[in-house]
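What follows is a set of structures for review.
In the two complexes that follow, chain A is the common piece, with chain B as its partner first and chain C second.
Up next, the complex of A and B:
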């Protein structure tokens, strides 16, 4: 796993995470919705920030499959 | 029909000259202007380049809300929600946690706005939509541009289970919201309401007024002297922004929890002039302004000579002398008996949909602390107001206020008036 991408992903998700405790000990297994309690509507904004940060385009279909931080890292690494 | 007594138990203010109730009280007493030359208005060649914008909000908001919440809070929402949290705490109530399973089914909110989320429309929605970037607008646009944006967030902030809504009637909005909340409690539909108004600091909201030439274009070099209600040299109003929120409750509910009570809302009236008998879209009908004031007094069971203080609408346009004439006609008092009067707008400008709410808070702060603030910039009183000049408070005075009247008037020929009485345990 690309640690730099992992750190960037966590940083982007941070303002949207309601569960600060889970965020502090986030791993690739951490579920963005259930563990971090990110509002499902706000995930749209997170995807846009991924696109801006990493210079890529994420389709709606790909975005819908994301559940964990690891899913984000894998997707970003694949599209980069 | 159940008719309950309504009392004010909490207040919160975000204003150009102060944030927070204590600071607002001091600013009013000291005659502190919050009006500043605005670089953006200068850059865009506004005729009037002075405005009232609450200061220090970027830092302040972080002590109230998490980053996740601030993602979708424009200036009007931020002002409204900080003022509401302050009011709720000032009333001795606890702000619930987001994950706390509590629902205040007896409590709601009516928070008005005149133009609301125009900064969000201007900064994001319109330019991005018109340049084909709809997909990149993100998730947070609708909740910031819907008319109810200023009240909607309060539902979750305070776990409100009663009515949560937004009213809008231009410059009468803030006062109308308080009356609408009082009506709901008086009818037994709620025990507690957050009420007030908020207006964002969006220069596009002010552009139309500038184009109408109703803003003062002559004081760009003197921002503190730009808002001149009741002055012979008044040349138009100065746009402002901010929020005022009150917590109002029925007397039994307030007493049962041992709440500190500021004042009782004795009576009120809302009406429209129908754009007849001198009224128009942009000017109030004196006839209906008087009708509104008289009806509020009647509803309150108060005689005109019992009014100690008037917080006027008084915007610093040519309408000020007409407003004074309407008050005098409605109260039927001789020149020497006219109540003390001032204009809070002299220090903070005209915050449109928030104005009535901030000014009701100003009225209650003065009542609670026993003073009438100076109405600055009216040393050169207007010729048609000279006959009651002794009643115009130009420098702050200590004075006991038992009963106060507050009125607001708005585009659309709409009016509202509230009568407050200082709370005293008998």
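Up next, the complex of A and C:
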């Protein structure tokens, strides 16, 4: 697990997470939708920020599979 | 492609609502105009402008995008845009809506009303598959040249203003799926509506503005959908600015959070705003004139 990518991912998600308590103790298993209560529209914003921040292109299929912070880190690490 | 059973369900709903339209439209016009006492200066002029814009749009798919302050905004917009006879003659003019299921599911009469009023439920925070299905249904309806009404904010304006409200991107997705689609932007607000709530107060008088836009974006995918949604929100924001320019007295009591992310937090519903005794004299100008 790339800790630098993990920190960047959490930083990007932070403004969109409605559950601050869960965010404070976020791990790779934290579910973005259920635990952090990020809705589908704001999740699109997050994916766009991943693309901008890491210089990636994330397909709809790849984005659809993202559930946890760990999924984000794996995807970013794979595409970088 | 929408599955056959979903297409059948949509056609059935359209047919049942059409059959019931004479009493249903009469009932909700009675509720709005007589029971609630709502009115709009120069309604005839406004409806003429709506007809002109529809003619201008031609046979292209048309999406109505409006600001969202109360639970009955779609009813109010439908009433303001067309008369009783217009709906009886052309049932497709009654726009399809997508209310949040939790607001209506528990109440059977409300569910029936929503069904007859051409509503398709959506579930806030639903799964991706549910969301895709809803978009596909609306795409199908647009291909049938039915009108649909979407509130791009996705929920009632927590700030009371379209400016500062974060958009949802479904409307952008639809515009991408149907590039020939046009958007009819509608800004409606009662003179006494300081912020969001359940329903406007009785006797409310409404100002309404409408304009047609053809969204376009150089981007594709979700970035394009976001771009289009932002363009529509900007257009509605301009119409809102026009409203508040005409009625600056009311804007003094409204404050808008500047952080769009902070605006997604849902504050408790405010109490009904102070009653404003009479509509400003400039009301006619707003109802009649196209937005600047």
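Everything below uses one rule, namely that the second predicted complex is superposed on the first by the 80 of 80 C-alpha atoms of A that agree within 3 Å, B and C clash if a C-alpha of one lies under 4 Å from a C-alpha of the other, contacts with A are read in each partner's own complex, and residues count from 1 in each chain.
Here, contacts are C-beta pairs under 8 Å (C-beta built on N, C-alpha and C of every residue); 3 or more make two chains touch, one makes a residue touch a chain.
Computed from a predicted model, the values in this text were never measured in an experiment.
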* Please work out whether A:42 is in contact with chain B alone, chain C alone, both, or neither, and reply first, second, both or neither. => both
* Which partner does A:15 contact after superposing on A: first (chain B), second (chain C), both, neither? -> both
* Looking at the overlay, what does A:64 touch: chain B (first), chain C (second), both, or neither? -> second
* Applying the touch criterion given at the start, work out whether A:26 contacts chain B, chain C, both or neither, answering first, second, both or neither. => neither
* Determine, for the superposed model, which of the two partners chain B and chain C contacts more residues of chain A. => C
* Return the residues of chain A at which the contacts from chain B and from chain C coincide. => 15-16, 18, 39, 41-42, 44-45, 48
* chain B-touching residues of chain A, taken from the complex the two chains share -> 14-18, 39, 41-45, 48
* What part of chain B is in contact with chain A in the complex they form? -> 66-68, 70-71, 98, 136, 138-140
* Structure fact -> chain C partner, complex, touching residues on chain A are 15-16, 18, 33, 37, 39-42, 44-45, 47-48, 51, 60, 63-64
* **chain A partner contacts - residues on chain C that touch it in the complex** => 124-126, 128, 131, 154, 166-169, 221-223, 225-226, 261, 264-265
